[in-house]
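For reference, the structures are reproduced in the following blocks.
Okay, so chain A shows up in both of these, paired with chain B first and chain C after.
Right, the complex of A and B next:
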């Protein structure tokens, strides 16, 4: 197995091929990749990290390209923006949801007798730290 | 045996059946779970936004555990990997450790590199042990073929110690057989559930789910089980979507947490295990194992 033959995303997204992304970076096309949505298709299955015969880790390359896109002010797919906003607000990518049981009851933690989800004790300090470790580059969050 | 239960985001905000069944089963087997008062997300979905954030987030979680003198149980594969990676990277990189502790200091916390992190598969298999489970169960479940879906991050990358061997044999399969069920291999066993592709393309992610279910059914499996909230969120929760997208109405199989199956063998009821919250057709299986 090699990176693109094992890749989860490559099986369902035609234009996503980890070996091509690595080759494009080597050939000097990082700028084009940073501006393309293709770098956001990775499913984080880490098979390319595990099976690359050259020990390249295309996953790390893709994550670096994503980080670089954020630094340049490029907006990622909107779920990432929503998750980041939620982390800054409550410490998690989302808040507890109401879900429907098989008996058609709407239930969440309280109804199920589960304790409240613990949040960061000093949320203001936490927020400040999260922004300082990279979230401040995300315009929509600040 | 006592652990700090770090649920992460997916289990605590929507996969309540996992939390209910963990809380109901582990203490019966001698693994006490303490719930933290101060906590945050592990940061794994945010790696693309900031590579540094997960180190801060995970070190914060580990520092809280250390302040309570406890090791961590992380029921989510993603959280477990991210916490493990943080432990290793910070140990090898004192300046990164220093930078993280600089921030934690302002929150009255310090990460010292002492806490260990366990996944429920390790607690059940390595700490409790298959023999103890076999003797603790009230009854053996019938020999129904069940496929395990360990999930990527339980297996990979082997750069860090992982709870399972990347191509098996799996602890999860031994646990399945310990309660009487039959572990059934299928070709997509070590594959990804597709969850992390949802922000990019929900349709592509659901096509991944469809592939998994199709192959499990073809192998003769009657259910899929996992100990990862992302995997079950996809394999249990996205079956209707998979039918719609592919047009294949046969993509239907009970998908449950292993702790839900274990709970049934321990004599717990369906409400205690949250099986009324699963979206896949679990009723068929529940009827059969009920005796």
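Right, the complex of A and C next:
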């Protein structure tokens, strides 16, 4: 259960356990998961794919469940929809603002000598592409 | 059989209970076979391999004056030797026998097509008849076995096997690449599950083997060449120079005391230091030091010579050269053991070698050992402080599709033992054992687990960490999901012990190459049969002992070493081996000396020789030939033929099958 030990999402969403999702699917509880909020917690860091000693990919299982949920017209949790909307709008889950230092001071990227975050050059074109690769299936975004 | 004699064939079709008879119409096979020219008798019987079945063959040979016998039954791998012996009892050469496989190749795979299966059985029998007509008697030769054994590897497996062979009265040469025998077992502090001191049970055997009149010890020696075959191996050893005259050295240790230069101690897995001239460990056998030229100032800069100056017996010899030793032996035991999986390189996520306080189980053994780098006190490497919180991680690299697919078979109990080490040395310490499954299959292992599980300060966490990290203060921490409590716990241990997976010892690959013995997909030596012939290899006369065959704990290693020794003893005390007659034979008149066959031979059995008339021809060394048939298949002129499977015989079978 290395996946659940190191999962980035599990550190934030306590209910989210990649190994448990795989075990539930194997045991035939897919329906339960498709209708559950828990499958939307994955942050796609792919650590579970990288370190699984059995070459199981919990990430792919979760993505399959999400696709099935969308196909059935199930609405994802609000937070996920908001993130999707933001991507279509500005190209980011959240617009980069500032960085917090260890002493809780706000510092900008330029102050740290970091380059500007790359942004979609043509936001309209970007929007079209994002929609065509699957976002269009999410009613709330369209 | 006399040349030109009439061919008289007996055909016997076996029912194999119902294995064959329930699918193949055996009566019809008999009927068809009896119509074929040269077939004198054709019969069916319930079990041809039974005593009455065999007797039927013996009687018929005499009564009907048969000179060829065919049994249509199971695979020749199963019962060919049985029937060959029956044919021999009947007074015929055992190679005038042919087997038609109508079970594995027919009834078992065509269960649902009975009529077609019967047709196929008839064809297979007719093909066997066609080949039988062309069979020639073959000769088995007896080759003398040299009553001397070579044991490669001086760990517990090699020591035990050497002692068993020596005690049976045979000469043994024990070769060890390190300066002392003892192997990995000498590194351990205690052995599970009884917790007896490893050195205390090993050193008496080390001394016994070194003093045994039948044993010649070759330490600091590598095997560089092996030639020949079962009964007659020619072995080349290379003795590395110690730069200490073994005949003069008394093992007093003055040189070690006086040497001003140090290097990491390999025996302590690099944790402590040793001198440039050093004993591998205090109980080393033989107790003769060795100079590490990489760290010796005399070899590096040409000065110092402190050891030479202070040696009371003038044993230091800077001019010692590598020495070649040649041996002839009848049997070889491979006991090269294991090495640790390179976790630092393969699994950087665990931070081994990056964080000082992440160590391996074998390193902890050295830390706990009274002769180790900390004189038996558990102190963590980073600051020399006593750790109060220790995490032990099992299955590091083992049982992992991306690393080692197999179980190391001692990591669990070693980890449990390591938890015991910590709480017995530091009673107020907390120990966390992170496991995937606990496998305590050996005798007394589960009881030992039970004992340690009951310690209040040892906790078992069912889950493995994904990564081990360092925080800003330099402390190490990791998250681990515990399936028993369904919670992710964050541990901040002072010391992490990784129970690493194991791989074959680095020297094994080279030895396997010179021996041409088969290696399994896991990299370990492949046994001839996983259940029934676990100590034999693909090379006759070469036997396996211990972790060279696969991960093993000490009890299993010792048991297998005894089994390997008894196999070698059986071979040497019989005194001879019978050659397989299915070897390649070259017709020198047809051979053009093109040499195509020579590099194709996997067993180095073919050489090109000049005949008296100056013509070059291929020559087969029958003692090395395994009868694989590669040369016969490759020969453009048909000069190379495999006896018992000649082109003529095989083509005749094909013609019959195609008819």
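To be clear about the criterion, the second predicted complex is superposed on the first by the 83 of 142 C-alpha atoms of A that agree within 3 Å, B and C clash if a C-alpha of one lies under 4 Å from a C-alpha of the other, contacts with A are read in each partner's own complex, and residues count from 1 in each chain.
Operating definition for what follows: a contact is a pair of C-beta atoms (placed from the backbone, for glycine too) under 8 Å apart; a residue touches a chain by one contact, two chains touch by 3 or more.
None of the values given here were measured: they were computed from a predicted structure.
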| item | value |
| --- | --- |
| First (chain B), second (chain C), both or neither touched by A:124 | neither |
| Contacts of A:47 with chain B and chain C, given as first, second, both or neither | both |
| Which superposed partner A:101 touches (first chain B, second chain C, both, neither) | first |
| First (chain B), second (chain C), both or neither touched by A:11 | both |
| Chain C versus chain B, contacts on chain A by residue | B |
| Chain B versus chain C as contact partner of A:2, first or second or both or neither | second |
| Overlap of chain C and chain B interfaces on chain A (superposed complexes) | 11, 47, 102 |
| Residue ranges of chain A in contact with chain B within the complex | 8-9, 11-13, 37, 40-47, 49-50, 62-64, 66-67, 70, 76-80, 83-84, 87, 91-97, 99, 101-103, 107-109, 112, 114-115, 117-122, 125-126, 129-130, 132-135, 137-138 |
| Of chain A, residues touching chain C in the complex | 1-7, 10-11, 17, 19, 47, 51-55, 102 |
| In the complex with chain A, residue positions of chain C that touch it | 349, 395, 399-403, 436, 462-467, 472, 478-481, 483, 486, 488 |
| In the complex with chain A, residue positions of chain B that touch it | 7, 9, 12-14, 16, 19-20, 23, 35-41, 43-53, 56, 60, 78, 103, 106-107, 152-153, 156-159, 166, 191-192, 194-201, 204-205, 207-208, 211, 274, 276-278, 283 |
